[in-house]
Structure formats: C-alpha cells, structure tokens
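In the two complexes below, subunit A is the common chain; its partner is subunit B in one and subunit C in the other.
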Partner chain A sequence: MSLLSPSVINNLNALTGGLFLIAAFGIVATRQMLGCLRFYVAQSVALAVSAFLLGLHPFSRHLMEVCIITIISKPILIPWVLKKTMGKQVYTRREISQVLNIPTSLLIAMVLAILAYFLATPLIHATGDSRAIVVNLPIGLAGVLLGTYTLAVRREALPQLLGLLAMENGAFFAGIVIAPDLPAIAELAVTFDVLILALVVGVLTKAIAKHIGTTEVGELASLKEDASL
Partner chain B sequence: MVQKILFNLLQVLVVMAFAPLVTGVLNKLKEMVQSKKGPSIFQPYKDIWKLFHKDEVVSKDATWIFRLTPYIVFITPIFVTLLIPVLTNYPLFFAFMGDMLGGGFILALGGFFATLAAVDTANPYGAMGASRTRMVGFLAEPVFMIVFFTVSFVARSTIPYIVQEQWITPPANFFEPSHILLLIAFIMLILAEAGRIPVDNPSGHFEIAMIDESKGLEYSGKGAALMKWGGEMKFFVLLCIFLNVLVSPWGLATTNNIIDLLTAIPLILLKMFAFILILVVIESSLAKLRLFRISEFLGAAFVVSVAAMIARLFTL
Partner chain C sequence: MNLLIIPALPILAALICGIPVGWYVAAGATLLSSIATLLLSLESAFIVLRCGKIVSIPNWISIDALGVLILVLVAFVSTTASIFSWGYMKQETTESKKLRLYYANLNLFIFSMLAVPMIQEPNLTWIAVELTTLFSILLVGFKNTQEALEAAWKYMLLTLMGAAIALLGFLILFWAARTNLNGNAYTWSTLSLIASKMHPELLKTAFILILIGFGAKVGFVPLHTWLPDAHSQAPSPVCALLSGIETTTILYVILKLLPVFEAAKGIDALLWARAVGLISLGCAAFLLIQVKDFKRLFAFSTVEHMGIIFTAAGLGLSSGHLATIMQIVTHAVTKSFCFYAAGAALLITGTRQISKVKGLIHLNPFTGIALLIGGLAIAGAPPFAVFISEFSIVKAAILAKHWVTVTLLVLFIITAFFGVMSHINTMVFGRPESPPVAKHPLPLTCKISMVLAIVPVIVFGLYIPAQLYELLKMAALALSH
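Here is the complex of A and B:
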C-alpha cells in the first residue's frame, strides 16, 4: 500500500504513543471510577492500534494477532467481567479516595514520565535506533511507572486493580517493539492471566465488601476471628 | 518599509473590528446548540455602541487606578497584535519589538490592572473575583512558560513568526505527539485565560460565582465599553496566537501584495470559526468546575505540556 509508507506509519505510531501517554496520565488524574475505566479502555485501544501499525510494514503476523487479542480482551471483556462480578458499583459515579491529592499526583506522575524517558535512553541505544523503538519504549516504561504509582496511592481494591491493568498495558506497549516475534501462545497466556486476574479480584472484592463493608486496604490489615468468612 | 508599517496598522484595525464579531458568533452558536434562537451575531457591536453613549458613574472611593484601567485593558491587546502573526506569515515592522514571552507579559499587565481596579472600589464581590482571577492566573503561568519554552527551544527563537516557520511547516510535523500534546495544553490554557466553561461561566450573573467577569462589574458608560471590547480583543489575540503559530499557518499572506493581505482576512475568520465550533462543543458538554478543582484542571494542562516537552526533547 503506497499510502502507508514507513514514514507515515511511524508518524501515526508516534501519535498513538502520545495518546497512550495521555490515557496513562488520565488514569492517574481521574477522580471518578467510571472515568478511570474509560481511560483504561482508551489506553488499550491505543495499544491495539500501535500493534496494528507496527505489524504492517515488515508484515508480522504475530503483531496482528496481538492486536486482535488485545481488542477482544481489554476494551470489551474486562469491563464486562468487572460489571458482572461487581455489579453496579463499577458503573456508578463513585469517587476514588487516594492517599495523595490529584495535583500532587500529577506532579509526581510527570516526574515519573521524565524518569522513564531518562531511563529508556541508554536502552534505546542498546536495542537499535529504529523509530518505533524510540517512541514505544519510553512510553511503555512510563505506563508501567504510572500504573505502579496508581496502584500504590489508592486506598480501595478496585481502583488498585485498574492501576495493575495499566501497568500491564505499559509493559505490553514496550514489549511489542522489543520482542515482536513473541509467539501467539505467550500473548494469549498473558492476556488470559489478566482476564482471570480481573475476574478473581472482582469476585473477591465483592465478597469482602459484603462481609466487612469496605474494601479499603488500610482497614483490612488485621485478621478477624470470623468462621463465616 | 512604509508598506510594512501600513500592514501592521491594518492588522490592528482587523483585530479591533472583528473581535466583537467572534464573540457574537460564539454566543449565538452556544444558544443554537441549546435549540434557542440566540442574539444576533452583531449584538456585541450594538452593546459597545450603546455603552459609549451612556453616562459614566464612578465611585468616590475609587482612585486613579480605576480610571486608568479601561484604557490599559483596551491598549494591551493592541500592543500584542503588533507582535504576532495575524494576517501575514513574514515579520512586519514591529515584529522584533517583543517576543512571545513579551506578549504574554503585556497581556498579564492588562490582567494585573484589571485585578487591582476590581479591588479599588471596595465592592466585596470585586475583591473576591479578583483574588480568584489571580489564582487561575498563577496556576496558568507554568503552562504558558512550558509551552513557549518548548516551541522556542525547537525553533531556536522566541519570535512567533520564526517559530511558526520552523514548527509547523512541513505539514508532517502536525501529527507528532509533542505537537498534539501542546495543542491540548494550549486549548486548556485558552479555556482558563478567557474565562470559558469549565473554568468560569462567561454568561453568568451571580457575582458570588464570578471569576473573570468580576473585572467589569463596577464600570459603566465609556469604561465598560472599553473593558468589554478589550476583553473581546484579548480573546481574539489568544486565538490568533493559537491558530497562526501552533495549529495552521496556512492561509496567511506570503507576499507583499495588498490583495493577498485582504484575502487573508476572511481566511483567518474562517479558521477562527472552525475553532469556535470546537469551543462550543466543549463548552456545551462540560459543567463548570468547582473552584478548587480548577487547580487540578490546570495541573493536568501543566503535565500535558511537560509531556510534550519531554516527548520532543528526548526524541531529537
């Protein structure tokens, strides 16, 4: 296809990387549960689009498979699984309580993104200077760090889960450019891993909320002598 | 040489003449989106004309600051017009008098005097609105700085004409991630500086909730007309900076011909109209933020602009 020359593909990939980074910042900065979930869906779509674009030019069937698996599992299945196991709670406009407030979180997220770019620079020189690696690797690393920060700073179980899922997205985003020939079995395994994770955490959170009344992890610190749980 | 001076003055006349039109079209579109008929698009002209023919009433406690401010608020956008590309894409006579940071400072001077004048009359609503305006202003400053530093670092210059040349031509540069991030940060900044939803309600009449409108509360007659017109010109100038330097330098006059310049006028108005459509969609679909959530909004703008900076600097 002459319309999609390598430079056009690289520019579109850079654009997708920018949108991925914005979605990662959005997950840190959103106050509401539903908004956070939407940013996660946007991030997954950006990941799938990037995999599609990178798989176009030296045509790689594995990357196309990654794209399809990601599109099916992350924007569609994971919100569905969360809705089925947790019910209305996920979809009501509930505010997320965090240890640090949002402007401070944004500043720390910015520092983490700069750190990710700084750390990725020698790695880029080691793996070869192709245009796609220059875009994907620092942004993927930033996604991982921002997901970790989100996981650490939130008090309740379900928002923490979103942080974990964001970390996984970031790792994938860097992974598709470092290891593009990863066999489909490994991709499927990781994806099912994430799906089962969402399912288990959803069910467990619902059970904990029903028995104890809250899923704030700070309060779940001591064992209770309760035979019914 | 004389031609360049004439073109510069023509730029100023264009800004003065069409700024109320842009505001009028924006208000009418906002009403049309809500299925109402809306005021005529020439209503701001009629308002300014009416206000110039009314008497002025000034509080006896007001000092010289109150009387001087309408003139300053009217003149500062005109000074900035001399510095930025409005109709042409080559530098005009006054273009090297100040760069983008200088333009930002001149606009801030107008805002500074407006804030002081709002406190001057001892009206409590004025003081409250003034302190809130300053809060929004100081939170928006880092975003301005980072956006200007990024575009200037890449273009190796802070003059807007040179930045526009380097940054946006070739057209492939438009879709770079740093450029898109800068556009998003600058749109959030325009929403904050021009007092649009989600930061402030520009058509509200509750003084207790006013942020940017409070600067014009106490004025009447000629002073009110100048404050209104000056506010509209400031919005027009911000849009010019955004559209001509960052988004689309296409459509600007490239030669010395007067015909070329005159055809650039409807083109810049067309670009503004396209941006106004986007602005109407944003304003009609969001709600006004609570006051202390504005720091989150501008914090997000700051982070987006820093992300643009690092995306550009680390991939060079």
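Here is the complex of A and C:
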C-alpha cells in the first residue's frame, strides 16, 4: 500500500509532532480557560495519533493500546472529570494577568523548545537514530519543558493543572518512541493515575474557590518564613 | 505468605470508611487494619530474615530486606498515626462525614506507601510514588483554611511537577535497559545486573531527571519550599506520616537507583549524592534557627535528615551503607514521635507559634517532657537512636577519608542541634508572660500513641536487637552494586 509507506508515515508523524508542539504553546499563552483546555485536548489527540502512526509499520499492539487508552482517557474523561469537580464558574473564567505578558512568554517558550532540540541531540546520537526518535524525542522534551514553564508563568488553577498534564503528555510523546514496549499494565496505571490527579486537583480547586473566593492560586503567598501566625 | 494481603487491608478499610455510619466505624477499621498490617509486615520481616526475600508474583510483586524494612516502618508509623488520629481529629472537626473522608483518604495514603517497596517493575514504582502524592494532597488541605489550601496547592504543584520530570527519567532508563534485557523481565534486580552495559549517556540523563524529579518530593534544597508548608499545615498525624515515612519511601527509590547510576561512566553519582545531601543539610540547619512555628521546625529538621541520609549514601563504603539504613530507621521513628509531641502541644496551647508556647512543662508535664525528649532525640543527643546512627555516619565518613564531608557534616549537625534545642528550650522551660491556660485536654489515645512511638526511639538508642541488626546488614547490601 503506497498510501501509507514508511516515509509517508514519518511525514505524517512529523506533522503530528508539529501540532503537538503548537498545542503546548497554546496552553502557555491562552487567556481563556476553556481555550486552554481545548489546546490540551488537541495535544492529547496528537499524542494518540502519533502512537497510532508509529504502531502501523511495523505493526505494534502496544502502541495501538496506547492510542486507544489515550483517546478514551485524555480528550474525553479528563475534561469530564474537571467539569464535574471544578464546576462551571471556574471553567469559564478568564485570566487577567500572567506573570509575564504574552509575547514575552511566547518568546521564552520558543527558546525552551529550541533548547529541547539541543538537549535531545546527544541522546539521539547515543543510540543510532531512527527517524521517529528524531521527531518524537525533542518534541516530547519540549512538551515537558513548556509544561514546566506553564506552571511557572500562569496564575490560575486550571492552566497550572493543564501544565502538569501537558508535562506528562510530553513525557509520553517521547515515551512512545523510546519505550514502545512498555507493559500495558503500566500504561493503564498511568492513565488511572492521571484521572485521580484530575479528580483530586479538581476537588482542591473547588475547595480553594469556596474557602478563599478565588482560583488565582498565584496570589496565594501567606506561607513564608517570617509569616506572623 | 502472600504480600498482596498487606496493601489490600488499607484498601478494605478505606471502603469501610465509605459506609455512612458514625465515624467510630471508620476510625476503628483504620486502627484494626493498620495493626494487622504491622503484624503481617513484621511476619514478612522474619521470613525475609530466614529466606532472603519473599516472592508473591515473580517479576512484579516481591520484597527484599531493604523493602521489608521500609514496609515495617510504614506499618509502624501508620499504626501510631491511626491511634493518634482517634482523639486528635475529634478536636479538628466533629462532622462525621468529614472524619470519614479523612480516614478513607488516610487509608489510601497508607496503601500507596505500602505498595512502593513491594513493586519490582520500576515504571510501576513510579506510579506508586505518584499515588503517595495524590492521596495525601487532600489530607494536607484538610483544614480548609487559606494556609492549609495554599500549602496543599504548593505541595501538589511542586511534587507532581517533579513526578512528571521523573517520569521522563524512568522512560529513558527503560530505553537504556530494554536493549540489554536479553529476554529477562525489567525489574529492579535485573536493572542493577545490566547497569554496566547500559548506554552511559542515557543513564546520565535518566539519573539527573530522576534526581531532580524525586528530589523535589524528598525535599532536597532548593526544591524543598513546599515541605515546611505542607508538613506544618497538615493535621499532626498526617505530618507524622508525611515527614516520618513518605519522604523516606521516596528516598528509598532514589537509593535503589544509586548503585545503578554508580555504574554509569562519566558521572560520579556518589559525589552528586554527597553534594546534594550536604547542601540540603546545610541550608536546613541554618533555616532551622529562624523558624517561628514549631511544626515548621520539625519540617526543616526533615529536610536536614534527608540531607544526612543522602550524604551517607554517597559515602559508598559498606559501613556507609549500614549507617544510611540505620539513619533511615531512626529518623522515621523519631520524627513521627516529634510530630505527635508537636501535635499534642498544638492541641493544648492552640497555637503553632514558638514564642507563645512557653513553660509547657508547667502547663502539661506529659507533653512538655515528650517535646523535650523529641527535640533531644531528633537533634541527635545521646542516648537516643538518632545519635547512634549519626555517629556511625560520621565514623563511616572518616573511614572513607572524605574529610570535607566529615567537617561539613559535623558542623551542620551541631548547628542543627543548637537550632532545634534553643527553640525547644523556649517552649518547654520558657517563662510565660501570662499564666497559660490549656485549651483542650490531651486525649488518652494521643498519650497511648506517643508512649508506643517513643519505645523504638529509646530502645534503639541503647541496644539494637540482633535480628534487627541482621536485617539492617542485609538491607545495606542492597545499596552496594
């Protein structure tokens, strides 16, 4: 079948990787909570698509499992859990001020993405490159770095949580290439883990909204060394 | 004996907590399950002593000497914590539903910590570690005050960020290992066998990522900032679990990886361990001096002790390994006792501020003496257990001829000793400005729990039973490659 020859698959995978990276930038910079969440969903779909493409040729049952588990859990179950726990008013909020303004933020994010390529290069050389590793490892690493950056720069609860989830997505985007034969039980357990994460953080966010009256967690800074009790 | 029974018990107890009846049922179930867990883990410790290891599901669930030691520590502290919770949590809230939620969450937290030392597949161990965070976040924020929720958020953010970084590290470790497995299953034991064959570049990256990631959760400086917040805002029995054993459980995973990374060329894993350990120890020793909140005092002392343990692990000799294991045991039992004493002081005086708790010995002699013993024991005064282990660490450092390490170790430990004791002295013997009034009486269960918790602190300081010593030596072997 010439339509899905290995080189076509590789190109499609590179395209998916690009979309994955764009989604990571979206999570860094979108003010609207809902927009942020949509970028996360898009990123997760890109992860699933990449797993599917890499699993086609040679066919890999593990990667197909990853694809199915990802599709069910991340774009569907996680937004549902968040909607259930956080409630609407947290969800429709808009973030007024970030720590840095958005253009600066995007510039730094770009530097981080480039840094990821430099960090990944010695690892790619270390093991003799297959074409998939060249795409997925640096982009996965960039995903982790951009997720970390999101945590640092966002002040609202939901984008910070999405930053965490994006880090995990990044690790797995690299993981589907470097550890394609991860046992399915580990895969399932991680998914279960991420769902508990969404549930717990959702409950915590709701408690913060209820007892403090804001979800702008970046503003919480009463615990310091010299805090008078 | 089937190991799976041990983590199944707290799960069962958590399910019982879901039944909407009075909170006594939930507390009772928690207490019974933790006592049963303790007895079963002691039994498995004796089996390990005889047979070397217990295998329940080959390549997935088994336990060796180091693991069983962690298991017993977790079970012991969770037993004393569930006794302490009985009387203590009644003062925090009287709402039956909230209390049931607390006990359910506590059981799940205990479950996750029991699971860590049993799991043999490293990727699954990562998941168990992540679960320890997830199940303790809501316990930290239990009081729903602004401070508690802030602490919970900080705790969640930093430790889960660390976990995500460590996940990448674990995946890279798996990448390095999978080409060298030769059909063997991927477990901790095969990992240490094939360590020297793995690609050094990958191993190096995995080491740094895992050290940063799990280091955030252990509380190594500079990623420790969440620790004093979370460990001071959580209810005291939870603090005892967090400080006493959760940090130890995560450190156990790093220690298990240390011999693997020692094999990597081009990176001196032991030097890293000593450097990270000494930085944590030094920063915490000086931060101890300026605290104003006595629960933060003990939290910083946890950072300090994690530093000591990691420094000891970096010494590399077999005497260093033995001292590391001893310090793990003595720290876990002593720190949990300290948090019970701090919790009792908080209950009686109603404040966490050191300057407001003066003359505790007159107000409530039992708590005053407990706090004094706790302070002395954790600061490393003889004849308590921590003194013995810290002494053997310094001795091991001298034997290894790491003179810089010896100097800094002794300097920082002494600084920390005076830091801890000056605060404890104010609290116990200080002259109060106004005649103090006890806010709450100390519940009987809290007293029972403190009496139980202090037994190993004193006994291990005077003499270490032969069988325990044997187990410690077996566990120390797991640290060498």
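Keep this in mind: the second predicted complex is superposed on the first by the 210 of 229 C-alpha atoms of A that agree within 3 Å, B and C clash if a C-alpha of one lies under 4 Å from a C-alpha of the other, contacts with A are read in each partner's own complex, and residues count from 1 in each chain.
The definition used in the following text is that a contact is a pair of C-beta atoms (placed from the backbone, for glycine too) under 8 Å apart; a residue touches a chain by one contact, two chains touch by 3 or more.
On a predicted model such as this, the values are computed, not experimentally measured, just so you know.
K.L.:
So, on subunit A, is it clash or fit between subunit B and subunit C?
P.N.:
Subunit B and subunit C fit side by side in the superposed model.
K.L.:
For A:77, decide between first (touching subunit B), second (touching subunit C), both and neither.
P.N.:
Touch partners of A:77: none, neither subunit B nor subunit C.
K.L.:
Tell me the contact category for A:100 with respect to subunit B and subunit C: first, second, both or neither.
P.N.:
After superposition on chain A, A:100 lies in contact with neither partner.
K.L.:
Please indicate which partner A:56 is in contact with in the superposed arrangement: first for subunit B, second for subunit C, both, or neither.
P.N.:
A:56 contacts neither subunit B nor subunit C.
K.L.:
Applying the document's definition of touching, compare subunit B and subunit C: which contacts more of subunit A?
P.N.:
C
K.L.:
Once both structures sit on chain A, report the angle subunit B, subunit A, subunit C from C-alpha centres, rounded to the nearest 10 degrees.
P.N.:
For this superposed arrangement the angle is about 150 degrees.
K.L.:
On the A-aligned overlay, A:184 touches which partner chain: subunit B = first, subunit C = second, or both, or neither?
P.N.:
Touch status of A:184: no partner.
K.L.:
Is A:25 touching the first partner subunit B, the second partner subunit C, both, or neither of them?
P.N.:
first
K.L.:
Between subunit B (first) and subunit C (second), which does A:207 come into contact with in this model arrangement: first, second, both, or neither?
P.N.:
In the superposed model, A:207 contacts subunit C only, not subunit B.
K.L.:
Quick one: smallest Cα-Cα gap between subunit B and subunit C in the superposed arrangement, Å?
P.N.:
20
K.L.:
Where on subunit A do the contacts from subunit B and from subunit C line up?
P.N.:
The answer is that subunit A has no such residue.
K.L.:
Contact residues on subunit A for subunit B in the complex?
P.N.:
Interface residues on subunit A, with respect to subunit B: 7, 11-12, 14-15, 17-19, 21-22, 25, 29, 31, 102-103, 106-107, 109-110, 113-114, 117-118, 121, 134-135, 138.
K.L.:
Going by the contact rule at the top, pick out the subunit B residues touching subunit A in the complex.
P.N.:
172, 175-178, 180-181, 184, 295-296, 299-300, 302-304, 306-307, 310-311, 314-315
K.L.:
Flag every residue of subunit C that touches subunit A in the complex, lowest number first.
P.N.:
Checking each residue of subunit C against subunit A gives 121, 123-124, 127, 130-131, 134-135, 137-138, 141, 144-147, 149-154, 156-157, 160-161, 164-165, 167-168, 171-172, 174-175, 178, 199, 201-202, 205, 229, 233, 287, 290-293, 351-353.
K.L.:
Can you name the residues of subunit A that touch subunit C in the complex?
P.N.:
122-123, 126-127, 140-141, 144, 147-148, 151, 157, 160, 164, 167-168, 170-172, 174-175, 178-179, 181-183, 185-186, 189-190, 193, 196-197, 200-201, 203-204, 207-208, 211-212, 217, 220-223, 225-229
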